Amino acid sequence: MAALTATARPRKLLASRRTRVGILYALPVVVYLLVLFVYPIFGTLFLSLKNADGSLTLHWYVDALTGVNLSVLITTLRISAETALLSLVFGFVLANAISRLKPLWAGLAMLVVVVPHFISALVRTYGWIILLGDKGLVNETLAGLSVPGTPYRLLYNELGVVIGTTSMMLPYTVLLLYGVMRGVDRRLLAAAASMGAGRVTIFRRVYLPLVAPGLASAGLLSFILSLGYYITPALMGGPNQTMIATLINQQVTKENQWNGAAAQGVILLLLTLAGLLLVKLVSSLGASRKKRSAS
Amino acid sequence: MAEFDVVTPSVKVADGTLPTATGKALSVVALRKTYGDVVAVDEASMEIAAGEFVTFLGASGSGKTTTLMMIAGFCEPDSGTITVGGRDMTRLAPQKRGLGFVFQQYLLFPHMTVSENVAFPLTLRGVPKDEIRRRVGETLEIAGLSGFGGRKPRELSGGQQQRVALCRALVYRPPVILMDEPLGALDKKLRDQLQVEIKAIQQELGLTVIYVTHDQEEALVLSDRIAVMRNGLIEQFDTPRELFERPRTPFVADFLGAANFLSGHVEKHTDEHTLVRLDETGGLLKARRHELATGTQIKAAVQPGRLRAGAPGDGFCTGTVETATYVGTLVRAGVRVGSGDVLLRLEVPAGRGPVAGERVGVTADPEDVNLFADERER
Amino acid sequence: MMELRKTVAGRIALTAVATVILLFLALPIVVILVTSFSSNAFSAFPPEVWTLNWYKALFADGSKWPAALSLSALIAALSTVFSLIIAVTAATALTRSELPLRSAVYALVLGPLLIPQIVTALGLFLLFEPAAMLGSPLAIALGHTVLASPIAVLILIATLRGIDERLEDAAASMGAGRMTIARRITFPLAAPGMIAAAVFSFITSFDEFYISQFLSSVGTITLPVQVYNSLTFDIDPSVTAVSAILIAFAVLALALVALVRWLGSGRQNSLLSVENTAGIANPAEETV
């Protein structure tokens, strides 16, 4: 017994050396993000709950959820939902097409998806402004084709904003869905066909259920990412397309209304966290389904 | 290869790089390792002489790899000691042991050429450049890899990669080279070829090698001595011949020779023989003298190749040949004996082989019969 | 649906729709590149007269662009350095050690990528404002590192996971010490990942807008903030040329990453394969 305790010690020491190295190396990132990420978020939270005299209050939240601010919140949710839906549909079609293309073409198509992803949203938004103006390429082309009613008003309204944000979210959904589609076992589809299922039936009864969890997460993610979007709505929208991030920005840079901005920031944060929770739920649902089908 | 000098590594490896005068290269005493409740290695002890080729043979989970990893320093024993060249290495980090290691997955450095890979351990030891070039060239030549020095590992076949890994482990002449199933990822033909090469190099350079495998044939071809391991225990550590002819446990008899087992009890002893009354057939089996008390319940083990088929009534039992399969130089026969529960497997030279349906008497040389006291189920 | 036969009509329809969507992604970028050489910098496409005037105007006397460009480059360089230091240590901790609360650390690293940037920016504003650090390039760089370091960490985690840890064991068995292993084995093998991490950290900081805007002062206006101001307040036609330069810069950076990845992978796939192009976008695919 004595020998046992004596020999157990060096082993523990070795294990703790690996642990010590781990803690030491994890320290920079943890400290950095605690100080410059977590702490400021808590700072925001406290500020959103504080009166001018320092007492606790909820009235910044009441402000944020009434009147104009409420309609801004609703606009934010609406535009985000529209964006998520459109980028999901387009993303699905494009990812599906890429997964069926010949390797060279698929590579090139993916390049067209990936490159914009890394170009500043500001720059791409500016590109849309040039394209969608009254004398922009789109209206000129439509006029050239003698489409009645040109020029269409494509900017500084909800249509413009949704076009812009959708093109920002599209690379995400394409990349996510492409990954999901590559994970689908194609032999299942062939198996369904061998049993006499038609093209539509295979799509609806086999393919769609297989990719559904991926679709749901991709849609939710682009919804979440749209919620905090600011550049595109601010530049391509009109006064009716003010989103919550724009409002936060205005209150900080123009009105010095930090408490209100903090309350709206916390609301945005909570919406995001709720969305992330849903994503997690959906993906664990998908995982358990996969497990069941595998066993 | 007498030009090879002993390298004094820049990392602190004792001057015990060469086996000591006693010829003892490595000794392991009461090595034990547990993972939770599972005993991976249980009180393993052995001494290995310089220039010896030793194999740890066992199925997966037998503890052979864990033992090797503890000798290498990749895994720390709970208790026991490891001594190399008289120096205690039990708690030393792997880089301070100065041993050589050949991994199953080759683990060549992908960003280095073949020459750079082989030179790597020498550069660590501060060997002069000219010397490095000369020794890398020589070592590659031994392994038949001259002209491959400039290639990257991924441009080589699996067999070539493993030869490079071997070169890399022996270029600095470590006192002991450890090999963890180095041929496990190769196909049968290449494996056979490399076994011969490894053995030849080991003998030419007088290397001390500890080799891990689950392949009995490989172990028999390569080894001076084999440690047969099971459930963390060394069942027997002996020369291939001893293991084959004098297995100390039924497991060893079965694992190496696929022995026939017959149960019975010791009836009496003569000066040179022990006579066993067999349970199933009632026959009397003569074995060489074993120190077992009269009446002891035993298992008798005989290798298929050591049984002979004679006329009915000959030997310790008579039965009917059920199958007789011609496999080249041998005929493998199955003989049903006793009340029909026991099928003896025989391997007899082709030509004089029995045919199916024939009645034969089965005989065995008493020297080839091993008896084990039947304590448990077997 | 590889194993199902394709109909000709279906194929044409699919190709057409895919092309339209790809145009939707590419057009805003192409239009900027073309317009930047047009005499009318704001609309009129295709240009009637080609010109380099907008590029020349960038460097004219009194132009705000050179200052904004060098400020952004300085900040991006700083946050690249910060991010790499954080990422190398963090990725080592997460892949090569026994770390208590590993998943908590991992979640903390993912946090800045998932939380709306405006919230992070607001928090940083509230942190730096009382410290009178608004307008400090260092503060902006520290802020950008919050967004850039997680990306670098994920890239390096994927990189280190891709390097067989037993190669390090093999080196140790030959007598290599910890430092030697890091210098001669791990670092050379991780170099492509390090370059990718550096490039993405730099781009992230260089293009970052929210934090820059909140932390900027009159004297410290980064390039994206200047672009935004030009688009909203003082219409400056040179913004098209700046945008085109930003596009070219991003493309070059991506090309560098793609090349390094391709060389590092031993040129397994073709340079333009989907694996390669999609891999650039998601360099940490194994971990996310």
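Each chain carries a letter (A, B and C) given by its place in the written order, and its residues are counted from 1.
Please note the rule applied: a residue touches a chain if its C-beta (ideal position, glycine included) is under 8 Å from a C-beta of that chain, and two chains touch if they have at least 3 such contacts.
All figures in this text were calculated on a predicted structure; none of them were measured in a lab.
Enquirer: When the mean CA coordinate of each chain is compared with the mean CA coordinate of the whole protein, which chain is closest?
Expert: Ranked by how close its C-alpha centre lies to the overall one, first comes C.
Enquirer: If every chain is reduced to the average of its C-alpha atoms, which one ends up farthest from subunit B?
Expert: Chain centre farthest from subunit B's centre: A.
Enquirer: Whole-Å distance, subunit A centre to subunit B centre, using C-alpha means?
Expert: Taking the mean C-alpha position of each chain, the two centres sit 59 Å apart.
Enquirer: Distance-wise, how many Å sit between the C-alpha centres of subunit B and subunit C, to the nearest whole number?
Expert: Distance between chain centres, rounded to whole Å: 55 Å.
Enquirer: Measure off the straight-line distance from the CA centroid of subunit A to the CA centroid of subunit C, and report it in whole Å.
Expert: 17
Enquirer: Could you check subunit B for residues that touch two or more other chains and list them?
Expert: none
Enquirer: Which residue numbers or ranges of subunit C touch two or more of the other chains?
Expert: If we look for residues of subunit C contacting two or more partner chains, we find none.
Enquirer: Quick one: which bits of subunit C touch subunit A in the complex? Just the residue numbers, please.
Expert: Contacts found on subunit C: 1-4, 6, 14-15, 17-18, 21-22, 24-32, 35, 42-45, 85-87, 89-90, 92-94, 96-100, 105, 108-109, 111-112, 114-120, 122-127, 142-143, 145-146, 149, 153, 203, 207, 209-210, 213-214, 224, 227-228, 231-232, 239-240, 243, 246-247, 250-251, 253-254, 270, 272-274, 276-278, 280-282, 285.
Enquirer: In their shared complex, at which residues does subunit B touch subunit C?
Expert: 9, 11, 13, 72-74, 93-101, 103, 105, 107, 109-111, 120-121, 124-125, 154, 168-169, 172, 178
Enquirer: Touching subunit C in the complex: which residues of subunit A?
Expert: These residues of subunit A touch subunit C: 15, 18-19, 21-30, 32-34, 36-41, 43-44, 47, 90, 93-94, 96-98, 100-101, 103-104, 106-131, 133-137, 140, 167, 170-171, 175, 178-179, 186-187, 189-190, 193, 199, 202, 207, 224, 227-228, 230-231, 234-235, 245, 248-249, 252-253, 258, 261-262, 265, 268-269, 272, 276.
Enquirer: Hey, which residues of subunit C end up touching subunit B in the complex?
Expert: Of all residues in subunit C, those touching subunit B are 164, 166-167, 169-177, 180, 184-185, 188-189, 266.
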